[in-house]
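Each chain gets a letter, A, B, C and D, in the order it is written, and its residues are counted from 1.
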Amino acid sequence: MIIVMKQGSQDKEIVEISKVLESLGLGVHISKGTERTIIGVLGDKRVLSDVPLELMPGVEKLVPIVESYKLAGKTFKPEPSVIDVQGVKIGGKELVMMAGPCAVESREQIMEAAFAVKKSGAQFLRGGAFKPRTSPYAFQGLEEEGLKLLKEAKDATGLLIISEVTSEKAVETADKYVDMFQIGARNVQNFQLLREVGRSQKPVLYKRGPSTTIDEWLNAAEYIMSEGNHNVILCERGIRTFETATRNTLDISAVPVVKTSSHLPIIVDPSHAAGKSQYILPLSKAAIAAGADGLIIEVHPNPRCALSDAAQQLKPDDFNNLCKVISEIAEIIGREFHYGE
Amino acid sequence: MIIVMKQGSQDKEIVEISKVLESLGLGVHISKGTERTIIGVLGDKRVLSDVPLELMPGVEKLVPIVESYKLAGKTFKPEPSVIDVQGVKIGGKELVMMAGPCAVESREQIMEAAFAVKKSGAQFLRGGAFKPRTSPYAFQGLEEEGLKLLKEAKDATGLLIISEVTSEKAVETADKYVDMFQIGARNVQNFQLLREVGRSQKPVLYKRGPSTTIDEWLNAAEYIMSEGNHNVILCERGIRTFETATRNTLDISAVPVVKTSSHLPIIVDPSHAAGKSQYILPLSKAAIAAGADGLIIEVHPNPRCALSDAAQQLKPDDFNNLCKVISEIAEIIGREFHYGE
Amino acid sequence: MIIVMKQGSQDKEIVEISKVLESLGLGVHISKGTERTIIGVLGDKRVLSDVPLELMPGVEKLVPIVESYKLAGKTFKPEPSVIDVQGVKIGGKELVMMAGPCAVESREQIMEAAFAVKKSGAQFLRGGAFKPRTSPYAFQGLEEEGLKLLKEAKDATGLLIISEVTSEKAVETADKYVDMFQIGARNVQNFQLLREVGRSQKPVLYKRGPSTTIDEWLNAAEYIMSEGNHNVILCERGIRTFETATRNTLDISAVPVVKTSSHLPIIVDPSHAAGKSQYILPLSKAAIAAGADGLIIEVHPNPRCALSDAAQQLKPDDFNNLCKVISEIAEIIGREFHYGE
Amino acid sequence: MIIVMKQGSQDKEIVEISKVLESLGLGVHISKGTERTIIGVLGDKRVLSDVPLELMPGVEKLVPIVESYKLAGKTFKPEPSVIDVQGVKIGGKELVMMAGPCAVESREQIMEAAFAVKKSGAQFLRGGAFKPRTSPYAFQGLEEEGLKLLKEAKDATGLLIISEVTSEKAVETADKYVDMFQIGARNVQNFQLLREVGRSQKPVLYKRGPSTTIDEWLNAAEYIMSEGNHNVILCERGIRTFETATRNTLDISAVPVVKTSSHLPIIVDPSHAAGKSQYILPLSKAAIAAGADGLIIEVHPNPRCALSDAAQQLKPDDFNNLCKVISEIAEIIGREFHYGE
């Protein structure tokens, strides 16, 4: 970190700051420029998280030089993490495909969806049991009943299960049924919840928030990882911008940016980014081409009857076609995806 | 709501849609244009919240005509709501001032802050006991111990207490100590939490999220209000934009927009919007001039020692000056604020 | 278009509006709902562009139903446009690659760049002669001298030439030397300039502005097309968002959205979107996978010596590798690109 | 400026960079941290504007320490600039009010508007003669004929005239008729045009672009000022965000931010920010309370007949009321505005 002093700052102010830094075990490096003096701070800046240096006399501003996250960063672990979920490896050569309906609605629906996505090559079945909906009058999910149905689908198909958790209580309930927790975009900075899944060793699919910078996202991942759970898979799902043609703006650059800054795997959710089923195929192809480790896609046996997010769910046939195309692109770029059963 | 049909949609598609709508008790009004047919839907659209009309054959898109929130809207209640918190009226002629440190740190600190803000005319003492912080290594709040200190400060000064709740458990704990719950920006769509405070009758200060539209905010308020708690005070605190000179961009227009669309009171938080103490006075003046019903401001007896958000906390003297200026502007615009004890 | 009337609007207000519409030759369709009356307007709404309907008594708001652009839209021309530039077809099966330095700096530089990009398969040489730079103290381009050097490079290599025009005078000068005009992001709504290139028949590469919605962009294209020049190629180059890890946020969804709404070809500029050379390859792959008709990429024989935008220019070897990868992806998705000479 | 070296950068790389800097007359200050080496650069960094330091071996990134604009900055001129336009002082104690229709439409209209705004206390008459409109089919302005009418209105009322210029040719024409040029938001980075008005000594009202940061805006002002014209008045008119309740989001914080960073006066345009006439009064009050030096407001004798931007133009009576309220707020905050003739 660099401390930039105000024009005309005095020597005693600089001495004062140096004392504070040294008392915390940090090194100090002073550089007097023509317009400003700057102070370089050497050492582990985490000891400064509760010290308001910016208010000390003479200080104009603080400039961070290295990213503030540790456990998610390449400095902590330079080689990419590969997360093993009961034999399915996320972040390795093979791409991962998670698919299923927005919400679990009934045994028939989830079974049909499970067999369909399995058939195309998906390794994970997704399905919401706790649904955060914009309107309180809309369908809110089957809760534990939904989780049981997911477990049944797992037993029938061998698919791994991922489902969103929205509260500490939901984590406790879901723990019995799912193979991976999902933290949704609305909870990206629900630190209580992040800590809760951090205390588990179960893998966590951790979605970016619609107005979270990549830096903030990786910082918040620290809430999960600092509790001991390093099995975090990042998921880009679109950010909020002024453009209204799509529900959110898929930040495709997040894929290479995360690959440069972090060792964690990253997958892409084109369904929530686009909000419209006709854009899911092109965005999926783009995501894989950009280097994503996989996709999470909403598939519904009969989208026209879906109880939530109907417009963005794919039909099984369209999903099957998508998987085929993805397997072809995967080969070109040195990855692989086993299309079909 | 209007259903816009695709170019070349067929009569039987229109008949099909009409049947669905009529089966739900809605009226139908068909209008054939030169390029498209549109279908007007008459009646209470809430019955449609789980019906994916946009996927029916021939449909191009749905266009909402009236806002989807009910309880927070002017249609539901045309006259402004005035919320009475033990005699302090929010949304009436008198402005409300909530002030205090970002976080409760110690008995000395909160007592000193309480007496200081009381002296300038504040009616509420604010202070965080549960602190959502960006880094897990930063100070996270004193939790119940902090709430007890707030209660002590109330007993000593007569100030009402407002404090943030971040989980269902926190609501339960805080209920014993505070006079008003605060829902922070990060939890604007934590529907579980909104419902929880909705089940109480205690007033709720409900902050806008950094990427929430005003329409989404009023819709989410429905989660609190539909549980029976209509004592909601909105709080604008800045939105996320590309501008980096301030922490967030205060959306000052939200004040007149909310006054036009909703009967709920709205106050402004210039501290989190600006992120820098030198901008708090001008933004506070602007907020009141624009018609806000009050302000919530971070004040710390010694900002340089603050354990969180140091850069944006005002010193008691600066806060005192702010209250004086606000009382003068209030008079000009037909409001009032009692500066001083 | 739909006119939504205020709650409690009166019959005589509706009659008044109907008269205005009918006097302009438009059809009127009135629909009385439970809460509001809405008026459907039938016919060509362009006659309304100077009629302030929103101010007529009783009107709450206007809701557009179909997009307001005509010439760029699919309704006007359903099949995709293929633009032929001296034998190179843009928007057909073959992908187009435009490459070269940010700015023309010297004969040596542009010749070296031209032979390099030609060797990898590019059909167009790009190079700025009129450079809009953020600081007035930075290099502003060689102007006509630069255009002459581009022409020399064309004569030597057979590459087609594209260069940015920034004023009416620049259009006049460039007309003698280039095969395609480029309108840069800063001039996306410089209507005077758009008209000027519209009066030519020379193809125009028309970049989206950093804060232009796709709808506004297609509307502004109307300024070029309504003057008679339909040879417009759209270029997505990133939009402004709160994310700072990249210079702009590449809106990859713009590719399928434009393909759905417009018949015009669209290419992608990953260099300006990313602002960092290490992200250009993954973004290029993503763009082609998403369905773009080509790419425009900054390539400099010696980026370390570049006089502008050094950080985002590729070295010829990296560009060569990019072209190879693109040719492979092209094949998978049913397009083609002739890598190598 | 600080150069941050990559982890593991080598001594010879640091030596190489130091040589380049020293050859340009800059000082060098090296600081070796635990993770990175950083190099402080001392002296006038403008010599670096064409040197791609970020591409030298071992460099990770460049971090600017002081703002890059000079002439618009407080370092160049610490005291506020007061710009005298024929006796009307902008940036002093007295507030300036510029008002009039969006576009000049006819002699009757502009005369009526002029007398009306004069009566309420405005010092400037605004009126567009060159109108950049989103659609090419909409009214584009009366051009020179409109300027002549503005001049007539000046002769009749004594009001000063401000009008937008959109091209070099328009500057030449307008120079004969207006007292202040306006550069509109769409031309904020039309550097050719900025230079053109920079070569005049006529004051320039320089609007911020909808996606321009304050830093970029002050940098672009350098294009005007470096040509010798220091009579620049900044104008905040709203930025583009995801919020759709208003046409743009008025960045009210820009007022105190500019006052902190620059010596130039700043006024606010609530009409374009809001896009709806009912929000103009509250936003005007907020702007003045926040410290703006004046306002520019659209006023039309008969908004319902306006040929452009009808929804955001005030009626003369509403403007008169606004001026009265502003004069009262002015007094409270130590400014003054002479309401009435």
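Here is the rule we use: a contact is a pair of C-beta atoms (placed from the backbone, for glycine too) under 8 Å apart; a residue touches a chain by one contact, two chains touch by 3 or more.
Everything numeric here is computed off the predicted structure, so don't read it as measured data.
When every chain is reduced to the mean of its CA atoms, the largest separation from subunit C belongs to B.
Residue-number overlap of contact pairs with B-D passes half for only one option from B-C, A-C or C-D: A-C.
Taking A-B and A-D together, the pair of chains sharing more C-beta contacts is A-B.
Averaged Cα coordinates give subunit A a centre that lies 32 Å from the centre of subunit C.
With each centre defined as the average position of its C-alpha atoms, the distance from subunit A to subunit D rounds to 39 Å. Once the centre of each chain is set as its mean CA position, subunit A and subunit B turn out to be 27 Å apart.
Residues of subunit B in contact with at least two other chains: 211, 240-242, 244.
For subunit B in complex with subunit C, the touching residues are 2, 4, 7, 27, 29, 31, 33-36, 38, 40, 42-44, 63, 65-66, 75, 240-242, 244.
On subunit C, the positions that touch subunit D within their shared complex are 46, 49-50, 52, 54-56, 68, 132-139, 166-169, 186-187, 189-192, 195, 209-211, 216, 219-220, 222-223, 226, 240, 303-308, 310-311. Chain contact summary for the complex, subunit A toward subunit C: residues 211, 213-215, 239, 241-246, 249-257, 260-261, 273-274, 278-279, 282-283, 285-291, 325, 328-329, 332-333.
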